[in-house]
Every structure is written in structure tokens, then in C-alpha cells.
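Here come two complexes built around chain A, the first alongside chain B, the second alongside chain C.
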Partner chain A sequence: MSSSTDTTSVGTNPEEGRSGVTPPARRVRTRSDSWQRRIPLLPALIFVIVMTQLPFLGTIIISFMNWNAYYPDERGFAGFSNFARVFTDVNARSAVLVTILITVATVLISLVLGLAIALLLDRKFRGQGIVRTMMIAPFLVVPVAAALLWKHALYNPEYGLFNGLLTLVLGENAPQPDWVGSMPLPALVAALVWQWTPFMMLILLAGLQSRPLDVVEAARIDGASEFRIFTSMTLPHLRQYIELSTLLGTIYVVQNFDHVFTITAGATGTANLPYFIYQTFYTAQDYGRASAAGVVTVLGTLIVAMFALRTAFAIFKEEGR
Partner chain B sequence: MVNNPQMVDLQSLTAEHFTAETGISVNFTVLPENDVRDKISQEFTSQAGQYDVATLSNFEIPIYARAGWVAPLDQFIDEDAEFDYDDILEPMRTSLSVDDVAYGIPFYGESSFLMYRQDVLEAEGVTMPDQPTWPEVAQIAAEVDGAEPGMSGICLRGQPGWGQLMAPLTTVVNTYGGTWFEEDMTPEVNAPEFSEAVNFYVDLVREHGQNGAPASGFVECLNNLQQGNSAMWYDATSAAGSLEAPGSPVQGKIGYAPAPVMETDSSGWLYAWSWSIQNASEKQQNAWEFVSWASSKEYEELVGEELGWSRVPAGKRSSTYDNEEYLAEAGPFAEATRQAIESADPENPGVQPRPAIGVQFVGIPEFPDLGTQVSQDISAAIAGRMSVEEALDRGQRVAEDISERYEERAAQQ
Partner chain C sequence: MSTQTTATTGTTTTTVGGRTYRQPKPPRRGVFLTVLAWVVGLLFFFPVLWMVLVSFRAETDAASNPPELFAPISLEGYRTFFEAGPWPPLLNSMTASLVSTALVILLAFPAAYALSIRPVKKWTDVLFFFLSTKMLPIVAGILPIYLFAQATNLLDNIWLLIILYTSMNMPIAVWMLQSFLAEVPVEMLEAAQVDGASLLTTLRQVVAPVVMPGIASAALICFIFSWNELLLARVLTSTVASTAPVFLTSFVTSQGLFLAKVCAASFVVSLPVLAAGFAAQDKLVQGLSMGAVK
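Take a look at the complex of A and B:
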């Protein structure tokens, strides 16, 4: 829901949307009007709040409790001990690091690739529609199916396509690396990039197509080089689109569970926070600690998202002026 | 109930043979192993009483028994002379009891042993000792490595998971003199003996093990041995049924040796899918009738006659191994399986007293989590991404965390 509202707001002229300049008289009238218009929507709003915020509230409460299903007699208030455990646990700490690594690498690489592909697809050529549809396809594959595809059809050292290709090109004695075993994090990131590049491309392509071409034309007549047009006009224009795709991509990739679960099962140092929480919840049956780890993840995501956005805004504001 | 073939057979035979005779109708919920564990632990920890009987293993039963979630069975056993409880193999009885009170009845059981390609060893001029030690096995693995194109010397699990990599590895740790915890719950994960065992295992699988070792578990190794990609395999006795099944490429080519040892006399593990009756169940007598029938000699014979002897849920009764019809079909591995199960000692699997029952696991609720976390790091060591020392130091921290909670509990009492 939030993504659709975001995309529409991006479509408007940034100057108008940002400053929000409207005559004061009109603003007063719309305020009371709009509240009247909103009343019929209130039940839906309350429903959404109940459905999304109550579980989170529950998680916060449980995160302060001693609650392990195996020890029903010990259930009770635990203070901050669950949080203390999360921060002192070796595996929890590496899960935080792994989550950051996977997210930053995936988002950055798929952003760059997505931009490159979007620039190519922005040009007119025969079969453009088919190519665009095919480029989007990876994003439409169910994540767990995509992960299985990478694990078995591509990475498998015995019958995977990658090693088959090596044999095809280099002959019988071609090296047959164990992709997941020897480079687990890059293997995960590659599979994630495959899935997320189309998403980035889609948003950036939408941005490129809303670019006012007459201004570009004018710049070209003034003698600006293609590179200059790209850095001084296209990139600033894409600013909001890049911000949006980075933000949405980050929020989704931080939560990624399917790929870690399917491809490596958290092994060889690839357990990220969602996988760590899953393990604490289902294997250890420690609801208190799992909730504490969940709360930490949400807080971390919020802080990182805010920090990243501020920085991005600052950079682009300077460049845009 | 788990969706393993033996359980599905039971489901198909129940209405015709059990319900018709006793008038007790049985409703089943059948799920894959991981899901069934989650479902059962939810059901039993909350004592919901929705299920009367559940398939638990010798890992859960002592834990659940101490918590009072499963019903004691002694009275039922005493009143049911026909059931012949003493026929159940002794290690099973021990591992399914707490303070000499039985809480579970095995449906089928397994231990672990070393499976090897007799033809390959013979061609290389190598003989398998009657009771191999681990260094001897490593030596043989080196000699038969590459005996056929693409053939590794040995296949050993490297896939993370307390029930995957950790199961065979813990038996190696036991026989090297290591332990997860001392009797007083002092963690010993980075102790010299533990470390020596893990170093040995990791080196062996890195030098002479299968391709893709960090991701291979039971199924992958089974395939490797069947397809001629490995010459030896140390794993569950239950694998032999698949290796000797009609149509298997290695049928009749496999030799079976006891689990390799170092400091102990035997090192095979012990595992049994077993029946337990929920304490909150209101139909305990009927539940027992079902358990007694499903684990009886008559049921084994019923399966043998109706479905074939290779499908008999074996490994729990000594009388199974006197049954000539069963031996005719399971001959190559039957005796090795029985000996492996009988020599397992769930109370004293290593060289020092243990805090809880279990050979390839520690019978405490925290073990699945501990074993899984440590196995992830050891799997990384097999992949060459972490040193064994680092993996075990991290494991020790996780184990210390658990023992601290035990101390807190002890202090409160």
C-alpha cells in the first residue's frame, strides 16, 4: 500500500510537492473538509493500526519477558536481560554484521546494474516491449523458488549450470568450484542482485521516461557532452527515484529470509538477523530472546533508513542546486 | 506422526487390522520431520490434549518426561504381558526411560556404522579391520581416494544442523574423549579432546571427502555412495536398506563395519522414533492399545507378509533378528545393525559422566539450538572459511551462555 502512494507522489513536480505552497485561506477550508472526508475511512485506519501495531506491541512486551517454551514455570518479567543476551551473543552480533553486508552489497550492486539496464532500455529499439518484460521477470519469481533455482540449477557443484558451462568452455579438466561452499556471501548476494535489479530498473526506468526531453535537447544544442548531460541533468532528475528504490530495496533486503534459509541454511557465516530470529524462535523455542532480537532489528532498520536518507538528501540537495 | 515410509505404512494398515479388531478408531496427523517437531513441541509444552499419542524420539522423551508432559507407561507395560517389553533392545529402553520409568516405546530404531565398498577396497588391496579406529579409517580413505574416476575416499556429513553434521561428529567427539558438557554442566566445547576430534573430522573430509562437503547431509552421502562417488560412508544404519534395495547400483557390494572408535569400545549413535502418550490425554488406555499394537511382533509380521520384509520397522526388538524371513531379506546388514544398536550406551557414550542421556546429542532442551549454531561454524571450517579453533571458541561461548542459565536455575532452587 505504502509503495503505491509513494510512487504517485514521486511523479509530481518536485518543486511543487516539496514546498507545499498553497494560499492560507484555502488550507483552512480543506482541513475541516478533509476530516469530514476521512471519517468513513477511520474504521479501515483503526483496523490497519490494530493489525500492524498490536503484534509489534506484543513483540515488545514479550521481549522483556523470560519465555522459553521448554521452561513454562520460569515465565515472567526479565527486564533487559534478553537484550543484554542479544548484544553479547557471538552469533547475534555476526548476524547483525552479515545483515548489513548483504543489504548494502545487494542494494548498491543492483542499483548500479538497474540504472545501466534502465538507460539501455530507455532507448528505442525493435522488440523493446518483450525485452522489458523479460528483464522484469526475475522480480516476479517467488523468492523461495528463485533461491532454489540458484542453489540447485546454477550453483550445484555436481550438476549446476555454472560448472557445466565451465566444462563446456574449458573442457574436461575445467575447475569445478563449490560456489556456495567457497564463497557463501557473494553467492547469496549474486542471487539477491538477480532478483532485485529488475525492481531498481523498473523504478529508474519510470524516472527516465518522465524526464523532460526538450531540456535535454536544449542542452545538447548548447554543446553539452552526453556525460555532462547524464551527470548534470539525468542524475539530478533521477534523485528521488534512486532514493525511493534504495529505501524500498533496503527495507526488503534487510528482511530477506528465503535466500539465506534455502541456499546456505545460515551456514558458513551467512546467518542474517531474520534467520537468527527464526532459529531462536523455532529451534531454541526462546520467545523472549527472539522477540528482543526482532525489536533490535526493527530499531536498527529505522535508524539506518533515517541516517541513509538524510545523507542521501544532503548530497543530492547540494548537487541539485 | 512423521511422514517416513514406515509411518505411512502403519497408517494404511491401521483401519483394517487395528480398528477392526479393537473398535478403537485412530485419526492421524502426518507431517514432515521438521514440521512435526514444531507441532509436537507446541502441543506438548501447552498440554493441549488434542493428540493422545505422538511420535517423539529418544531426544525429546526424557526432556518431556521430566517436565511431566508425557505419561509414565510402566503400569500399562505390566498389565500387557503379551507386549513383551523385555524383548525391546536394552539401549532403547534406557534412552526412553527416566529414573527407570518408561515413557516411550520405540517404533523403529537405528544406530550408526561404517559402510564401505568391498569391491573397491579389494581392488586397492585394502582390508577393513573388524573394529576400525578413526586413524585407520583415515588411512583407508587416503588409499581408496580416487580409486575410480571422481570417487572420494569417504563421505561424511558437512551440512549444518544438530541432526545433520552434529550427529556423526558428536560420536567422533565422544570416542576421542570429548564432551559437550561435564556432568555439572561445565561446557567443554573448546577443550583439547573436543578440538582434536573436530580437527580430525574436518581434515578428513577436506582431504578425502566428497565434493560439496559443507552442504551435504544424509541424502547427499547416500546418493554419493549409490552413484559410486564415494568409497566409504559413516552414517545411520537405516541407510543400508536403501543401499541393498533391489535396483540399487551398489546392491551386494557394501561391507559394514562398526562405528570407528578411539578411546571408547563403541561409538555408534542411537536414535528411535518412538511413541509417547500425552499426559493430558483422556484416553490413555486406548492410546496404549494402539502403541502396544504398533510396536508389537505381530505388527512386524503383518508388515512383512503384507508389504514385504524390507519395510518392517526394525531395530527395536531382539526377536526381529531371530526372524528368518526378515534375515533372508535384510541379511547383509541386519546383524551389523543389531550389534550397533546393542553396543550403544546412551547413558555413558564417552569417557566421562554426562549431565543428560544421549549419544549423538545432549538431552537438554537447548541442544538443538546449540548444536545447530556450532554446526554452522564447523561447516564453515569444512569449507575453509574459519579455523576449527575459532569455530569451537564461538561454540564455547554459546555453551557457556546455556550453562549460566543452568547455574541461575540451580541458585534459585
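Take a look at the complex of A and C:
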């Protein structure tokens, strides 16, 4: 019965009436037509709904339960107590803060570096291709491998490259800091920035290369300074690319597990939310509390996502047909 | 004259139109920027190069402080790595990445068609929904998935990972393909419709050939993300279905901290992604910018 109203609404939608058909025939046609339009979409849509929404629904349900795998007899309804524990737990609160810190620092630094390097590579010079290839490499190293590389080959206080270079430059008595031990968060962020800067750079470089050069040339001939061209032509043109890379970077860095797991194993206040939840569920087997933390993570992410997605939405609107 | 030299080192399009006197960047600045670009490129590349260099050393040479740039070549690290039995996990990773990528493209391509060429109503909302699922951190759904897999005996089964990787990469693929499909000229499709081509025929014979580069770049990115995934694989697999990243973490803890081995293992596991990424650089760039912003 709702289908009849559906049909009329479809029929009156100006977007639908691409083929000029007479009204009576049109009603029937648009209905089957709109199904024909939907069918190719449905497998992917249903698959994604089932695979993402159902597990999250499960997480919500478990978050209201008393459920620790070590005490199977005590399973039952818990009300909001898991949430109360998450909000009063020092570790959980620190995980929220750490997630925000790591994400903001990593995304901002990689974005600025990525922009600078994209500008540097957007000129013709000898070996341009080689330099670009070298720049891409960090993004192509498997994240766990990259984390291992940083932890053992670069940061290690005894035989890591960084302290080795210090010895090489300053001699026998060079300071040999314990990078991960004394500054765990900056150490994590540095490794993440190394991996994500090429990603930002790639998107921004694509943006730069789509820039209409004749306009820039005209501005230059009119005597506009390089700085002026950058601020009032290049940056506005890059806006969408900057937003896009920020959005994608944020989605992936918020969820980072590999680096925290590998480099610090969450020690000395570096556990972010994904690692905290992993630990609560996998090591402590506290399903209820882990789920509550998961729900809190999603709510937090959604708040950020609202802003970010609105941005992405603007991109679709502008290119929508 | 000086502009001539600038042109060879390749400063912008200075000499075009005989306007050389207008904005002659001093050649020194061009050289400086070129050198700077090389320095930055080398800086970012150096850790990767270091990984490769150290992987070909004997353990005693690998752990030297101060570092030695040139040490005798040794295959010790690789021998240890391959003796530790990396083939099953490498094969698992390959299977999971390739099969899930194929599934993603198979499902995402028709969906992208429905979102761009003959758009369903409210197609932006649907696209919005797809993208919003990417905002759900994987960790927020992992416990029910784990419990479900435990109850149905799917733990340590590569097919579970394949299905999960498929759903993990679907939103990005739909998003990318949608923007690539939006470039297919409408006239082409109308012609196909007039000829009475079915949906499948249209997709296979009219649309797919046009957007092949888009499909390739979407597939490449799905492959990379599947190959790299650690959290799901770590929680949901143990012995039979464990993937290369999981093997990598266990390899290091069980073998102690031996630098050459760690570097050899990291390099081998990264090799497929490095090779694919280097080979398809342009596609990667195209895919990452997703043609979304035109």
C-alpha cells in the first residue's frame, strides 16, 4: 500500500522523468524503472548494512550487560554500570585523550608537511619521478612492518639508527636517549607522520596537477607575487583536496591499532581507544565494559564525523549530476 | 641565456611566449628547490632503504653503533625468516586480499552504477551512508563478530576474514567507483539502452571498459588495505588462517629482538604492496584523489 504513494512520489520527482512518456503509462514504467535502478545497488547495500550495523547493534546490547568471560555465571543485565565504569575509569579517559592527541597531531603535521612536499614536487626537475617514488614508499610499507622498523631499527636505544647517528656525529660520549621510553607519544606520532605524510602528499599533488595553469600564468604575467598566487589561487583550489585528505586521514588514524600495539603496547599512557578496547576485551575478557567503550568511541567518532562528512557532502554536491 | 640553463634544470614554464624577462626566477632558487626536493625524498625514503640494508646483514653487523653504511652481505635474516614457516600466512594474506578485492569490485561496481549513471532517488544519502560506515571504528563491532564466529566455529577461518575485508573496503570502493562512473558520457548509455542491452551487458561491455583505470585503482587500494589489516586478523585467527601481519608480530616476539631478522621479515611482508604501489603509482594517485574533486 505504501507502494502506491511511493510510485506517485517517484513519478513526480523531476529527476526521474528523463524519458518523456505520457502520464498513465509513465506511472507503471517509473515504478519498475525505479526498481531496476535499485537492484544493482542492493547487494552491496544489504551486505554493508548486515556486516556493519548488526555487529554494532550487538556491541550496544552487550554494553548493557554484565558479561565477563572469566565469570560466566554472573552474566546478566547491567544497566548503565558499564558506561559509568568507562567514564570513571582513569585508563578509559586517558584513552580518549590519547586518541584525540594522536589523531590531531598526526593529521595536522602530515597535512602541512604533505602540502609543502606536494608544492616542492609540483615542478619539473631532474629526477622528479624518482623523488616521487621515494616519497610514496613509506605509505606502501605494511603498517605493522613500519612500526617494527621504527621501534627496533630506528628508536632502539642501544643499536637503533637514531642513536647510532648521534654517536657518529657527536662521538663516544653522545647522549643516547631512550626515544620510546622517554617520549612515547611523540615517538608514536613521528612514526605515524612518516607513514601518513605521503598519503596527504599524493592527494594534494593530484590537486595541484589539476590546477588550471593558464590562469596562474596570466596572474604571473600580471605581476602577481608567488606568495599571492599561492594564497589566493592555489590554496582555494586545493581546499577540497585538503578537506578530503583530512577526512580520510582522520578516519584511518583514529582507528590506529598497529602502531600503538607494536611500538608501545599501550604502555606509559599511550593506549588509544582501539587498543584500550582490544585489551579490555581480549586480555581482560570484560565484554560488557569493552562494548561500552566501543559505543563511546562510536559516539565520539560520529560527532567528529558530522563535521567531516558535511565537508565530504559538499564535494558530492558540487560534482553531482 | 641564463633562462636557458633554468629551463634545463626545469624551473616552471618561464621561457614560454618569450616573456623570459618577466618573472626570471634566479636559477639558484630552482637549483635550491630541486636539491631540497631530493633531500626530502631521501629523508622519507631512508628508513625503507635502511630496512633493506639491515635485512642483508649478519646480526652482529646489524646491531652496530655507530651505524655502518656498508657491511658484508649476509642472508642470515632471510634464512631465519623463511625457516620460521612464513608461507602459510603469506598465502593466507594473498588469498584474503585477492578474493576480498574481487568481491568488493563485483558488488561495488553495480552499486556505483546505481549511484551515478542512472541514480536512484536520494543517491547522495546512500553514498553518505556508505561513507558513514567507515566512521564506525572496526573495534566497535569486533566483539559480536568474535562471539558469532566462536559460536559458529568460524574462528581461524580465512573466509571470515575475506567477508570482513570485503565489507571493510566496500564503502571506499563504492565511493571511488561512483566518482569514476560519473564521467561516463550519458549518450553512450542511452545508445546501449536503445539497442536493448541488458544491465549486465551494459555494465560489462559499455561501462567497464571506460572506467577500467578507476576499477584498477579501487582494486589496488582495497588490496593494500586488506593486506595491511592487523586487528581483525589478530583477534579472529590463530594458527590455520593467520595472515602475514599477524605472523610478523608473533615472529618478532618469539624470536627475540634480532634486527636483521625483523628487517628481513618486514621487507618480505611489505614487498607485494611496495611492488604493486610502485608499479601503479599513477593509478594510486588517481584513486586516492578519487576523482571526487574535479
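Keep this in mind: the second predicted complex is superposed on the first by the 269 of 321 C-alpha atoms of A that agree within 3 Å, B and C clash if a C-alpha of one lies under 4 Å from a C-alpha of the other, contacts with A are read in each partner's own complex, and residues count from 1 in each chain.
Here, a residue touches a chain if its C-beta (ideal position, glycine included) is under 8 Å from a C-beta of that chain, and two chains touch if they have at least 3 such contacts.
Bear in mind the structure is a predicted one, so any value in this text is a computation, not a measurement.
Under the clash rule set out above, the superposition-derived model of chain A with chain B and chain C shows the two partners fitting side by side. Here chain B and chain C are compared by how many residues of chain A each touches, and C touches more. Once chain A of one complex is fitted onto chain A of the other, the partner contacts of A:M51 are limited to chain C, with no touch recorded for chain B.
In the overlay built on the shared chain, the residue A:A84 is in contact with neither chain B nor chain C.
Once chain A of one complex is fitted onto chain A of the other, the partner contacts of A:T283 are limited to chain B, with no touch recorded for chain C. Touch criterion met: A:P184 reaches chain B, while chain C stays clear of it. After overlaying the two complexes on the shared chain, residue contacts for A:E158 are found with chain B and with chain C alike. Once the two complexes are laid over each other on the shared chain, residue contacts for A:I303 go to neither chain B nor chain C. Once chain A of one complex is fitted onto chain A of the other, the partner contacts of A:L97 are absent, as it touches neither chain B nor chain C.
In the superposition on chain A, contact of A:V112 is made with neither chain B nor chain C. After superposing the two complexes on chain A, the shortest C-alpha to C-alpha distance between chain B and chain C comes to 7 Å.
Under the contact criterion defined above, the residues of chain A that touch both chain B in one complex and chain C in the other are 156, 158, 282.
Only residues 38, 41-42, 45, 63, 67, 159-162, 211-215, 365-366, 368-369, 372-373, 375-377, 379-380, 382-386, 394, 397-398, 401, 409 of chain B touch chain A when the two sit together in their complex. Of all residues in chain A, those touching chain B in their complex are 68-72, 74, 85, 88-91, 156-158, 176, 178, 180-182, 184, 264-269, 271, 279-280, 282-286.
Residues of chain C that touch chain A in their complex: 9-13, 16, 19, 22-23, 30, 33-34, 36-38, 40-42, 44-45, 47-48, 50-51, 54, 62-67, 107-108, 110-111, 113-116, 118-121, 124, 126-148, 163-164, 166-167, 170-171, 174, 179, 182, 199, 203, 224, 227-228, 230-231, 235, 244-245, 248-249, 252, 257, 259, 262-263, 265-267, 269-270, 273-274, 277-278, 281, 284-286, 288-290, 292-294. Across the interface of their complex, chain C is touched by residues 10, 13, 15-16, 34, 36-41, 43-45, 47-48, 51-59, 62, 117, 120-121, 123-128, 130-146, 148-150, 152-154, 156, 158-159, 161, 163-165, 167-168, 194, 197-199, 202-203, 205-207, 210, 213, 217, 220-221, 223, 240-241, 244, 248, 251, 254-255, 257-258, 261-262, 273-274, 277-278, 281-282, 287, 290-291, 294-295, 297-298, 301-302, 305, 309, 312-313, 315-317, 319-321 of chain A.
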